[in-house]
Amino acid sequence: MSEAGKVRMVDITGKEEVYREATAVGAIKLRRETIEKIRGGEVPKGDVVSVAKTAAILAVKRTWEIIPLCHPIPITSVQVDVELLDEEAKVTVNVKTTARTGVEMEALTGVSVALLTIWDMVKALEKDERGQYPQTEIRSIRVIEKVKKKE
Amino acid sequence: MSEAGKVRMVDITGKEEVYREATAVGAIKLRRETIEKIRGGEVPKGDVVSVAKTAAILAVKRTWEIIPLCHPIPITSVQVDVELLDEEAKVTVNVKTTARTGVEMEALTGVSVALLTIWDMVKALEKDERGQYPQTEIRSIRVIEKVKKKE
Amino acid sequence: MSEAGKVRMVDITGKEEVYREATAVGAIKLRRETIEKIRGGEVPKGDVVSVAKTAAILAVKRTWEIIPLCHPIPITSVQVDVELLDEEAKVTVNVKTTARTGVEMEALTGVSVALLTIWDMVKALEKDERGQYPQTEIRSIRVIEKVKKKE
Amino acid sequence: MSEAGKVRMVDITGKEEVYREATAVGAIKLRRETIEKIRGGEVPKGDVVSVAKTAAILAVKRTWEIIPLCHPIPITSVQVDVELLDEEAKVTVNVKTTARTGVEMEALTGVSVALLTIWDMVKALEKDERGQYPQTEIRSIRVIEKVKKKE
Amino acid sequence: MSEAGKVRMVDITGKEEVYREATAVGAIKLRRETIEKIRGGEVPKGDVVSVAKTAAILAVKRTWEIIPLCHPIPITSVQVDVELLDEEAKVTVNVKTTARTGVEMEALTGVSVALLTIWDMVKALEKDERGQYPQTEIRSIRVIEKVKKKE
Amino acid sequence: MSEAGKVRMVDITGKEEVYREATAVGAIKLRRETIEKIRGGEVPKGDVVSVAKTAAILAVKRTWEIIPLCHPIPITSVQVDVELLDEEAKVTVNVKTTARTGVEMEALTGVSVALLTIWDMVKALEKDERGQYPQTEIRSIRVIEKVKKKE
């Protein structure tokens, strides 16, 4: 019986508080014209890059509210970078803390929310005449580095 | 001056409340052994599929809190499907409402949070000996259909 | 496969928006001296009744964030009553709305949070010398009436 | 004047960060047939036990957002157990942390939200023909143990 | 007894859903050099205006979570304007909806959060050598217009 | 490119956890009759002072969710004082913590939310016959003291 519906948060009580860092990346494929408009500051909803960064920072801090088994972590740094390439926007999020568990889920959540926010900001430019998104695509969200240092 | 720092929510006040539906999909690449353990109910953190679905439903409802320029929408249905393939888990989220604007961001947010939750649940199985994730990857999140019906 | 990890929000899209009302009750057993101090306004943490009511109203509105499969509902009225008896405080919460689904979970959540808040406010008065709560108890939370009216 | 509307959060600034643990229990009375359906995995809304556990873990972490005078606490472990008896489901929540104040409110909030979630999952099975809940009842939520250890 | 600890949400169940609009304004006094740096895009924390607008829009939507007796309202438009004068930044927030109650608290909350965010963004430029803020001041937050139209 | 849309959270990872305290004040101008009714407990929405204090404490704890670039801070004390003068209510909020960064934004957020809550509680008494607020005004929110002590 006890195994049906098993949901178990990892017990990190005994772990040491050490320096932790994680970097995640991801991209959103956009139309060439959309990228141009982001670059030129011509997107009707406004400044895509700063809104995406703001949303990512807020989401990183709330990761434990969004991902059920994540522990609340006192984030000490979030850096978000948005790079505009020819046909995609690439997001990199770096998160730091001193805590009992790692922050890769925080970095991944930040990347995901930045990409979703970019999509939301340029919806009107990406939709086709039937209101569909044949080309828009969030792709390849990964952790590129996780660091854990004994103090 | 007024154009510096432009951030503009779309004014939907004059739009009609009509039936809206959106379906989004996405996938997470996982190790073959991880998929086996999810299937067999052997993941230490518990029932991956039901926790991911629960997280997705909660996130869909809070999309307007996470994506800055989304409007609050009275969601009337969220269906989440998780399919376990050989080397990836595929998530489909369908959202319905009767509202003044579409729900594709809600569906995309649901997919993203389900995939992040799956990653979090199987972290211990995906990490290599150095604590890195060389293979794990969230990939190809897209809107597959958006519906808008006049009543 | 599809039935493993089943989590399904009820689809209320097709339901009619009608008047809904629900009333729930519950009680917390407290020491006689604690009740006296609440009555006399002598609780160190302050006005137990008004803080409990405020917490309950806030919780009713956020029920859909707390209970995973609840739908977001535009609450139009919350009334909270706290009655101080000899050895217990009794909470009644009435919730009203015009919506596609009922509000009994909202009323029950309001009662639960009011009772938890009362406990929190009088913790210092209820604890024994070992820091335990041998007598304090939340008891009998029920829905006493649910109303649904065609307009 | 200063005593009217008194609301005072306890100042824990000077307290020591020590190991804290609390366990709370509670139960919900359900129809015998409902318990059978939970056991058999036949509840239309899905896996009652895992959704209730997930909701409880999320609520434990957000206790300080729900109970006004609780302090934010960096929870390091939450364990939720759901036991299905003949005519009731019993929930036990254990919470651990290293903090300046205890976690009994967190454990109690976890139990309350698990019980509310169970109710929500089986609403359709518990309602009578008039849409009322004559038998369903949340009962006896208590703290069974509180631990505080000097390191 | 019933009047002690009185907290009463207004019952708007019977009110008509009509068009509502509210505009609020407020200002923050800043050092002349700080204003210059905002204008020149030289603030180390980044784009003050777009972050303040994003924060205001998010806060407007969550007003009912922040102000206890506010009703949840389906906001359909939020427009935030930030004007940089010689020694102050002036914020105007306009909110629209179709609802059973007005949105002046939403507009006021938007203004307040935009001003707080501006302060936070330029903290380092406003502090004196002792870490104090002798000159910084949020001032004169008012509702300048409230509109209610029968449809 | 990298400077467009700049948004940068301060990296406090390397800072020391020390005792921090901040006190902020602010006021709301109200009609003389409104102040009398608050004093006499005659405001229809209930106990203005205790609801405002409760809202302020909740907001202080959630500052990092409301102000995008604030760090999550484990608040250990919040004291809110509301003083009723002839034509205004004055709010003072004191916040304490042991953390890597100061709590002045937390104190300012607490003051702002207390003042907004007071406004919301007395809306019906402050509105003129056209539903406008010609006199009501939030004014002069400032930090009066910030303390940082090496342990």
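Chains: A, B, C, D, E and F, in written order; residue numbering restarts at 1 for each.
Criterion: a residue touches a chain if its C-beta (ideal position, glycine included) is under 8 Å from a C-beta of that chain, and two chains touch if they have at least 3 such contacts.
Quick caveat: nothing in here was measured; it's all calculated off a predicted structure.
Which chains, if any, touch chain E and chain F both?
Output, common partners of chain E and chain F: A, C.
Quick one: which of A-E, E-F or D-F reuses the B-C interface, over half of the residue-numbered contact pairs in common?
D-F
Which whole number of Å gives the spacing of the CA centres of chain B and chain E?
31
How many angstrom lie between the centres of chain A and chain C, each centre taken as the mean Cα position?
Distance between chain centres, rounded to whole Å: 35 Å.
As a quick test, compute the distance in whole Å between the mean CA positions of chain C and chain F.
Chain C and chain F have C-alpha centres separated by 27 Å.
If you average the Cα atoms of chain C and of chain D to get two centres, how far apart are those centres in Å?
13
Where in chain D do residues touch two or more of the other chains?
In chain D, the residues touching two or more other chains are 5-10, 41, 46-47, 50-51, 53-55, 58, 68-69, 72, 74.
Using the contact definition from the top, classify how the chains connect: line, ring, star, complete or other.
If you draw each chain as a dot and join those that touch, the picture is no line, ring, star or complete graph.
Per the touch rule above, enumerate the chain pairs that touch, sorted by label.
A-B, A-D, A-E, A-F, B-C, B-D, B-E, C-D, C-E, C-F, D-F, E-F
Provide the residue numbers of chain C that touch chain B in the complex, in ascending order.
1-2, 4-13, 15, 64-65, 68-69, 71-74, 100
Hey, which residues of chain C end up touching chain E in the complex?
19, 47-50, 52-54, 57-58, 61-62, 72, 74-84, 96-98
What residues on chain F touch chain E, complex-wise?
3, 5-10, 26, 41, 44-47, 50-51, 54-55, 58-59, 66-70, 102, 104-105, 108-109, 112-113, 115-117, 119-121, 123, 131-133, 136-143, 145-146, 148
Which residues, counting only chain C, touch chain F once they are in their complex?
46-47, 50-51, 53-55, 58
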